[in-house]
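Here come two complexes built around chain A, the first alongside chain B, the second alongside chain C.
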Partner chain A sequence: MSKITRENEAGSLSIPENLLVTSSSAFFLINSMQVGVGILGFERYIARDAGYDGWISILIAGGILHILLWMIFQILEDSKGDLVSIHRDVFGKYAGHFLSIIFSLYLLLLSVTVLRTFIEVIQVWIFPRLNVWIFTFIFLSIIYYFVAGGFRVVVAICLISTVLGLPILLLKYFPIQLANVENLFPVVDHSLSDILKSVKTATLSFLGIELLLIYYPFLKYPQSSRKWAHFGVFFTVLIYLGSALVSFVYYNEDQLQHMIWATITLWKIVEFPFIERFEYVGIAMWVYIIIPNICLALWAATRVLKRIFKCRQKKFLWVYFFITFLATGLLGDRQSIDLLNKYTGIVGFYVLLYIPVLFILTKLVNKVRNRK
Partner chain B sequence: MWKKMKRVKEFKSWKANETKQGDSLQGLIEKLKQSKDFVTYHHSGPTNCFLYYIKTINEQGFLHQSVLPILKNNALHTLDQIKDKIPVENITITSDLEEIRRKIMQGNIMIQIKVTDDEVLLIPAATVETRKVTTPEVEFSVVGPKEAFVESLDTNLNLIRKRLPLPELTVRELVVGKVSKTRVAIVYIDGIANMENVNTVLQRIGDIEYDQIIDSSFITQMISDNSNSPFPQLLDTERPDRISGVLTEGKIAILVDGSPSGLTGPTTIVEFFSASDDYYLTWHLASALRLLRLFAVIFSVLTTPLYVAILTYHHEMIPEDLMSTIITSRADIPFPPILEVIILELTIELLREAGARLPTKVGQTIGIVGGIVIGTAAVEAGLTSNVLLIIVALAALASFTTPVYQIGNTIRLIRFPFLIGAQWYGLIGISMCMAFFIGHLTKLQSLGRPFFAPLYPFRIRDLKDAFVRLPFNKQSKRPMQTRPVDSTRFNPKRANEKRDIDE
Partner chain C sequence: MNSNVLRILLLSCFVFLLTACVPSTSVEDVDTILIAGYDYIDDEQIRGTISIPQFGRLETGGSMKEKYLSSTANTVKEVHAKLQTKSSKPLTVGKLALSLYNEELAQNGLGEVLDNLGRDPQVGRDIILGVVEGSTEGFIKGKYSETETAAKYLTGLIRGNMEKNFPTTNLHQFLYAYHAKGMDGYLPLLAQEENYVRLTGIALFQDGKMVHSIPFSKSFIFKILKEKFQQGTQEVEFKNRHIVMENIGSSVKYHVKGKGSDSKVRIDIEITGIINEVSSLDVLQSPKMVELMEKRFEKFFQKQCEIMVQDFQEYNIDPLGLGNTYNSQVRGFDINKWKEIYPSLPIEINVGVEIVETGIVS
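Entry: the complex of A and B
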């Protein structure tokens, strides 16, 4: 263990005991950040390259995610800090802070994407003439209320969202009744390169583990959190795998390519004697999945800034809210939203690629320091 | 703000006046003489002295039986001699004006040898009018003890002490309220209750600065962690059995003189939905009833907003067969769903409020008249639909299932934000409103402990007595919420020892 961390510089790392969260929180933090708006329509993208072998790519992507998570924990355990202090130690003050700010901006981009995409879902499925400005404002006010409550409240929202999300999974029972399991056969009839292409797309659905780099110091027992975090990723992979398999056995391949939101369309067939067209309920419940997503992203984004600049986090929160508000309101049509998703995907991919790089760099730096 | 300042000013001037007039014993007596019930009595005979007391708070029998005969039969010349002869404890001789004033207002008899003396004898002879211990009326239960607190602190403490006869039961007392001088007792079991909680309560109550404390609900509002929340953060109960039950869990009870309900804390949101009945029934029944109550609360809050949301924005969600029923009942209604709901909800609230204010007998009549006549008339006049009438009536009924009265009021109130949300954004609006309240609840604290436990922070041990109540042999630990010093109730190994066949 090296002694890289230097505290009391620009936003101290020492976190009061009563703000720390338990190990099992890692499960909910990881899971609720990974499951977001993407799961409503990811099937089309992974099926584009690998067809019905897409589920294999989800498994492979899941494996990659576990490795990345392991790397993140290694980086954090070596340095006993968070992303800002790691960057400072590896790249020096200015370059390090610059990289941290870029990370913060990435998280801002992520929250804009999630919010805008969700609002698009609402516009398409429920309120075509929704006033985006007013809705965004109200939605963001609720999120501000949570984020201003601090990390503990954010964790609470993550936990509750995971629990509330579970019953929605049961709805998969309805499409399964009408399933064509033959769709999946023959297994592995796509080339390796096709599957790998789809692995890349699938990895993007699993964005969210990189936030661990920010909230790691808030975990009370980092060692035992490890297994919970891995459980979290595993659970996410299971959810995605389940969703993908159900969509694959329900839709035929051509149909799936025309489904922008395959999961929502699946909810349509749910029928009870007193209620049908379950997609309205599903989208309404998705509010609980979206809120922790944005809360956590914005909390982490402003936390990075707080650690860099000596300034109150609330001020940054206001600024970021204003940016999110403007960006969400200004992005109007389907094309720009699609473009936004595409770019966020690309940036996210590079962020994931950056993790192994950072891993190697910290290991090198540690080695050099230890030799001295 | 200005009002408050004015009040402080008035209070100060009043206080100054008091000290000016009462800075001598003579002044005090003169001031008291303005009241008709203040008795001054020159006793001549073998003992020559002056007696002063306020007859409305004095026990006259005591004066006649234990004080006057002694003065009449003996020649006593000093206060010490009188003190030795009178057969009561706690007699004081003092010249401390502050003490004299306090004690005389508490019902002591003051004896003075000469009018000019500063030193007086004070004999406690207070009588306090209270009502008899009766059956609980707010928190009624079918089985179990049927005693309820009354307005006397001493009686209430008696009701607790007789249930917990142990020396560790500690009663700390503070006097709060500049004018009302209310006695506030903080009760806990030493060795179980966490001293951190006790100190929090003592400190918060000690910091209260207000002129009057009429009821324990004043204390709840003043010491709660977030006074801007509609949710009560201390549980109030009128049942001594409930208080002694939670005291053994390590919670702290606050009793206020003159208030027939005690407060307990730290509490959680789920505790508001548990009744003392739950412990008197078998655990299966108790769990089922608790779940029923939880369902009732959710139903009560969400049904009318759902009605508004679905009928305003999402008609597609109603299945075909059900649709025809709703159409027939709503065909003639001239209003949009939201207006219809608000009319009916307000009617129900009016009935409730009127029923609560009116005398019991009239109240019942109003309930029947309102419920049946107005409801039917509204439907027949075509102002509201049958379906909605059923929903609103059921929702009102469901909100009465909460065992604690205060949370029932909260549920009554929070339905309206949900209605606004439903009208604005349909189901999404309801979701957002719900998310807001969940966030609010996770932020709340009760005496510094999380209010939303055992859900968040997630505590499996406390879940055994939250939404369901597991059997007593599974509850070997006291809840984590209170951080009890001694967390073991009993030894689970011994209790769960398995016997083999035929042993």
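Entry: the complex of A and C
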């Protein structure tokens, strides 16, 4: 498989060179999609099964993620296209398009979940009387502005988000002052099955690499993007590992189970002379983490539809925005939002499971074709 | 061209929309609660008292003004609701610095109050909780300082002492101990005396209920048993005279040995100190004297620590969090088993004292 054919194939997807992005973009694309609203409260779910051995699960899940990422690159390199063309090659036109549309709907679900969960955070922590409809409308308008700008604008947002997210990590300094490191011991105090259960939960926090299946043709040098993408996953795992460890030494196990948003509650101990309640600043800064999440998901979701129906992307964008707007506004209370998160998690788990399946299928199809 | 017009339209939309999402309140239009105190009335009712600073009159040279409100109700939230009916401006707890309880309420359990504090997103995690001897109402209403608010005075008092002899405490740490298996919380114990406040000791809790207390004179002992720190002084009798040691670095480590009912706990304390005050100069003349002093301090601390730990075991409270350590060093921790063995657990205490300097005179 030489490099030239791949570029030709990218050309056949008719992506002009001025729309392509550099290799290092893969780092920001992967990382900013993976770090989202989940990191604000994932510690509790990981610790539910494996207790404070949860950090081991994060490492294992990180390893699995790297394997999945490798598979995705393998699939894409073999087929020289994106998810839509892979599905068409493997399953034929109708079944393939059907699966692609399901993937697009999954991304829609993902963006609704992220947006609604974040608005819930704002409602609980800052403005209990927030008008969800108006806020969603404004938020989506901003996102429309970015997504309508095209893929390169979305990449830029991802970069800004990663860079702006970094200083927030420094705030871990404050809770570390009150750390009880002995919480982490004895290491591996739980059974293997408990840890594996928590690996599953941890893997769900890392959803986001599957979008590579859509934007891969936009990478100018796919080969050198590979290492950047792996760096991205590695960096995400580091962020999650750090967050989990800090929460584990700051809270004790029973206390953590009461924390819906462990990371935000962690910010409450942050003390600056000029600001009393730092969590407000933290949540406001988190908008920058959330925006690329939704932008990228909605961009990819509509991109799939564009590829299938050969229609203008903006039309689908309007439809998806309308659906997101309605869904976000109609979901009212904690229970339904929790349920939404749960179902998105289940769907996401199957999407991740689907990657190895697709990997094997493309290998098989390629073998059969080569024999002919 | 067309998209540019759309962009400008959208942008100007945001400018107007973003300012009018929720009703806003400015600092001048709210009453910020700085201290909240709760008194026990009977099994059902509690009485809440709050202190609110009145800003804007200081430039004229008048004294710091504060407003006090009290109400009686069944739950904490209800107290706050009732207090609101007495205040002209909306009450906020965003700047709450101190939450106080009288001894009776603490003895009856702080679970409800703690839940209220822990659940409210507006309340910080570094606020100070405290137990007051007598009623908190009178305590809060006492005028202590002409130039600063009672909240600032009291937090300054407690935080200042936390850097010296008093163990560190805040809402997070108390909640941590409250939820922990194998750890019990403690809070500062305060008393009002004429026109000042005195830290009288440490209130010790079990499952959110105050069961015991130790006097302030023992707080240095408690602190060396509890945490690593670099401040504080302790006086000891030496050859019928008094010498004072200033701690410049103390560390403590818990070790667990054995399993089940054969468990043993060893507490190792290392203190580095300097001699600060000697009532007669001739005691300091030889280097041998310093060694003797070290021995004397070691013996003193060892004895005091043993008495204190035995006291804890007698009351079946674990403010040191030995259960937590046990959990981290022994696999298959069972909290019920631990509670069974704790009162009769052999606890060995080793104290090492090193005196490095004796001041600028010899």
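Note that in this section the second predicted complex is superposed on the first by the 360 of 372 C-alpha atoms of A that agree within 3 Å, B and C clash if a C-alpha of one lies under 4 Å from a C-alpha of the other, contacts with A are read in each partner's own complex, and residues count from 1 in each chain.
Quick note on the criterion: a contact is a pair of C-beta atoms (placed from the backbone, for glycine too) under 8 Å apart; a residue touches a chain by one contact, two chains touch by 3 or more.
On a predicted model such as this, the values are computed, not experimentally measured, just so you know.
Student: Per the contact definition in the header, classify A:W125: touching chain B only (first), chain C only (second), both, or neither.
Tutor: It touches chain C, and chain B stays clear.
Student: Per the contact definition in the header, classify A:I337: touching chain B only (first), chain C only (second), both, or neither.
Tutor: neither
Student: First (chain B), second (chain C), both or neither: which does A:S24 touch?
Tutor: Touch partner of A:S24: chain B, not chain C.
Student: In the superposed arrangement, which partner chain does A:D254 touch: chain B (first), chain C (second), both, or neither?
Tutor: The answer is second: A:D254 touches chain C but not chain B.
Student: Please indicate which partner A:L178 is in contact with in the superposed arrangement: first for chain B, second for chain C, both, or neither.
Tutor: Touch partner of A:L178: chain C, not chain B.
Student: Is A:R277 contacted by the first partner chain B, the second partner chain C, both or neither?
Tutor: A:R277 contacts both chain B and chain C.
Student: After lining up the shared chain so the two structures overlap, which partner does A:D189 touch, if you call chain B first and chain C second: first, second, both or neither?
Tutor: After superposition on chain A, A:D189 lies in contact with chain C alone.
Student: Between chain B and chain C, whom does A:I160 touch in the aligned arrangement: first, second, both, or neither?
Tutor: After superposition on chain A, A:I160 lies in contact with chain B alone.
Student: By the touch definition at the top of the document, which applies to A:F146: first (chain B), second (chain C), both, or neither?
Tutor: Only chain B is touched by A:F146; chain C is not.
Student: So which positions on chain A get touched by both chain B and chain C?
Tutor: 126-127, 135, 138, 142, 145, 271, 276-277
Student: In the complex, go through chain A and note every residue touching chain B.
Tutor: Result: residues 22, 24, 122, 126-127, 135, 138-139, 142, 145-146, 149, 152-153, 155-157, 159-160, 271-278, 280-281, 283-285, 287-288, 291 of chain A touch chain B.
Student: Which residues of chain B touch chain A in their complex?
Tutor: 313-314, 316-319, 322, 425-428, 430-432, 435-436, 438-440, 442-443, 452, 455-458
Student: Which part of chain C faces chain A closely enough to touch in the complex?
Tutor: 3, 7, 10, 13-14, 17-18, 21-23, 94-95, 118, 121-122, 124-126, 172-173, 175-176, 179-181, 183, 321, 324-325, 328-332
Student: Spell out the residues on chain A that touch chain C in their complex, using ranges where they run on.
Tutor: The touching residues are 124-127, 129-131, 134-135, 138, 141-142, 145, 148, 178, 180, 182-186, 189, 250-255, 258, 265, 268-269, 271, 276-277, 279.
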